[in-house]
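Labels for the chains are A, B, C and D, by order of writing; each one numbers its residues from 1.
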């Protein structure tokens, strides 16, 4: 017998509180593992948001989009254009990016959702690839092609003069939130750990927490339940008086808007938008993040995003001398052997480790890391369950 | 008063005349059984009521509105629910959620982005869903995953899902197919009980004569796409045309 | 006119490659119900079979270049050439066609190991998990190849006698400008042969009939008590061999590198889906259709009207076809629609 | 979605944003003192070491090139720290390098993977700056990445010493005060190639361009077309090909009947290997058009990549920044120490990266500081010799090196596996020099130096 029930509002509230604390203290507790520096915690927050949004579509409705990077790209381009035309304040950039990417998602979703299963996946993939190819070449006047779209001193930035006096001619073009530079970093020392608290990160973290809160509301709401109904049995939904198309389209647009927001935040922290953000591997990456962490769970996608980004930025930077530093405690005769084995998996071999991780997780932890961890926990505590309900919302 | 009026419905699939000038009239509050040999067109006819198929000719009027040319979800929204031959439930969700979804669909209509309130705070809908589960005898299992139920329970769950919408018309496609005698009797009792309590009109497609004669107020006999008889169970039993077409000659 | 004929040839040639990759992929989709993201890696491994064959044949005595003292610069004199002289050179020259002999057993083994060791446990798992595990596998294979052969493309020329062009134009009394590389003609014929063999195998053998029945209705075939597991293994191995052969023979056209599988992966998925899930003729037809359209769209006359069309044509066609025909060209109902 | 609650929610977002803004703004007033920045410039080395960031492609198509760059960097670090045989430190003049690190601080380094993607490259560079405290970032093997990282370094306030980047834009419209390029560019390739092509193929040629459809390809196409047209060639057509097309047949067949007798392949890396191989397969190298032998030109050659094209490079002209077979003292010293360390000769990418590291170190010594503005001052208009390309100038106006450019040709009879290209001409620097406001380079702003503090 399998019992599942949604956590109550109190559990959710304490979860959210815990989550907020965990996110806000990321620069502190990630510092010891070398991941507490501004760029990476920003990436954790941004890709966590991207994956969370994607999960609203994929985790709830089961529609596997292979083109969500397109919305990330659209959000990025919109944000940079907002910087160029309106000024370096991130607020209009973020809002415009959400609106634009939602409109894009509405158009692409309206067409793609006429099909299901792999046909849907390929339609979204095709749209995203077209966006990428065009942005890279023909649309260069809008996207600045391979080099990427940047803000230039000569851009109008009409609001900059009004709101702040920061960007006088020749000064660096840094996004500025009502007087706070998004690159501003406070360095301090907490419990003996050097910590970098970055304004841009907290800007992103705000949206991550807000985005997670909205996702949680959606998961717990009748709307979310309807989406899970679509995933489980679309036929039954139709005969239950539910018009499934607008439901899936709404989920698609919401997740597209999340992607657009994530794209805008990438530019808020670093005002450059490149076409390769829309390449199919970028779409694939978010799919992998969500599945790795656990589709349909609230925290899984964020975990998946964190792991992949950590691998990409930290594991890839290991080289022989870093390894030597870390393994200094080993006796001389073992050191060389261990290092030569390990160096296959780090530095230029980080892809290999990532590939192995994917396989290990799927083989041994079906349903992703969160589901896997839960079933292991259940086994350890003796509360054995025979079947896993992977569709069930976790936490 | 007839709640469902079927007039001159015909449907052709390629060379096969599946339905041929079918006329049917279902009285409000009645249990109307449609019987007939395999291939007589029973399922095709049912599909014409729920928006899955549109007949080539003819009209289907429900409660004064035409059911033709509108989508299944719209038909459901005006009060027609359907129980399938093989139970169509949300296998990955809990029993309670299975009943909540139709309840919300009834309340919120075909589409509503109702994303803010929590399901567990929607007291009214929840209480309603729980009471339906209680009524149908599945309340104790409300937090189990529906996919793990027995076949009989799945069928009962599906009925609960339909009943939670308070339909005006309930379509049952072989509700006891593959059930044991005991389960069949339980189902008959259930249908009688909830039907009478709520006064729901039902159309039952059934092979099992025991079920048909225990439930039906009226019976239509379909053979080769045509209604060859329509009458009360007693009279149908004695109708030689029916016996010939359906039972292959006079019985006993 | 000449341009159009040449672009037709280009399209057929491209289409041949697409069709051959898609054929194996759709077999795996259709019969096993597995979304195989490692299929590109199989194609790449086939190409590297050709590289390995070449390496084996050119095992060399290394003659040091004495003028260079700082590092080991040497000229390679293959053993085959020292032993057999001219004959040896000819054998080396034929490395790519000869690599078929290596590709078939190697890819069969790879397919067998992959299916038995990994894929078989994923038949009943959600597509998402199939994607993750096969994608992971593809990365692992790719990285292993990279650590063995490096990241740069490796030249694998066609035999000398096929290195020139065939004067197709003069054969048919057309313009002399119409010439086409011999090797590309051979590749076209080769893939048509393989496609033909696959179809014959599936149509005229009992094994093939069971597989086709399985593509139409997996459950029933399972219920018939046929040992479907063993057949699945064979189907997977077959798909691996087809992909591998496509890769091995393609090496003179595209110098193989470790990443070529990923480059073809997305394209082959598009081809399969446009053809329709579970349909072998669909995959072949879509392969050729997309190949030809891609070539046609690359003509400057077309590009002048719609700039950038050559970059997106494949995806545009995919969208149009999938909207016009819900299951691609010849897709079966219910395959990969959930 | 037209649901009213949704709109309310969105309005809530805006309010929340404003509230957070107020919350964040508050601490700035007193934080300035508490967390005061006591560095005079970003990442000022405090201990007895200095950290450099080597940002190279370790995965993707240019992984081998990246690996070679990394080898060169490690060798440079070794030499700077006074280990090994010193390599070009012995031939570089005027040099202030002493072999005791930079400014007495031991040189350490961190590595990262650009993946040849702007985003990944910037993320990696940011890690080096923010986490590892690198004062200088260097590396890369494509112009897109170089430009992206260069502008990042400008904004952050560290020095960027570009690796392999050939687009005119890197020191043209995308030039930056904090960025420096030793490598040559499309214009220089064209200027160096033109006279050689004129000698070999005459002034009456019809050229057909196949160009990778992105900024580097365009700038090279523009440069080559301009200088060949100047000497009388006619440009028949310029066709753009998508990046990573793989099979180029649909772009090659139109060449057959275009009446062109020369094919210019503005491709690099894998695209170059494939388009060249396939063009030769289509018989272009053996073709006769207008009574002339058909010729193919690959304006930018890389030996590492040319290996992939095998026999097909034979007799084909191109240009390169540097080649290991050069016999000058500096090149010999570098080839020797690289060869002894790794067992094979360095590539042009390795050379550029090695040289850039030495140049940076020397500039620090000259300036007596690692502060970017000081380093920039020292590097601007710095003239030097002994680093393999003869007398070289780091021009202050655009931070581009002006030096001799090599015109090379695929060798007919290679004597070893590394002997693929032969140098046919060393074009003197004067011939490839252009004015900073040349139309192909105009439109950019160097801006002012940024110390990042």
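The rule we apply is simple: a contact is a pair of C-beta atoms (placed from the backbone, for glycine too) under 8 Å apart; a residue touches a chain by one contact, two chains touch by 3 or more.
Bear in mind that the values here come from a model prediction, so they are computed numbers and not experimental data.
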Chain whose average C-alpha position is farthest from subunit B's own: D
Central subunit by CA centre of mass proxy: A
Separation of mean Cα positions, subunit D and subunit A [Å, integer]: 32
Centroid spacing, where centroids are CA-atom means, of subunit B and subunit C in whole angstrom: 52
Centre-to-centre distance between subunit D and subunit B (centres being mean Cα positions), rounded to whole Å: 73
Two or more partner chains touched - positions in subunit A: 133, 136-137, 214, 250, 351, 390
Multi-chain contact residues (two or more partners), subunit D: 1, 9, 63, 67, 213, 242
Numbers and ranges of subunit C residues touching at least 2 other chains: 311
Interfacial residue positions of subunit B with respect to subunit A in the complex: 50, 71-74, 76-77, 81-82, 84, 88-94, 97, 100-102, 104-106, 108-122, 125, 143-145, 148, 161, 165
In the complex, subunit A residues that touch subunit D: 34, 36-40, 43, 91, 95, 133, 136-137, 140, 145-148, 150, 152-153, 170, 172-174, 177-180, 183-188, 196, 199, 202-203, 206, 210, 214, 250, 253, 266, 270, 272, 274, 276-277, 312-314, 316-317, 319, 347-348, 350-351
Subunit D - residues contacting subunit A, complex: 1, 9, 13-14, 16-17, 20-21, 24-25, 28, 31, 34-35, 37, 58-59, 63, 66-67, 110-113, 117-120, 122-124, 126-127, 130-131, 143-144, 147-148, 151-152, 154-156, 169, 174, 213-216, 240, 242-243, 445, 447-448, 450
Touching residues (chain side subunit A, partner subunit C) in the complex: 58, 62, 64, 111, 114-119, 122-123, 125-127, 129-130, 133-134, 136-139, 280-281, 284, 287-288, 291-292, 295, 344, 349, 351-352, 354-359, 361-363, 366, 390
Subunit C-touching residues of subunit D, taken from the complex the two chains share: 60-64, 67, 213, 237, 239, 242, 244, 246-247, 249-251, 253-254, 256-257, 270, 273-274, 277-278, 281-283, 286, 304-305, 307-312, 335-336, 338-340, 342-345, 414-419
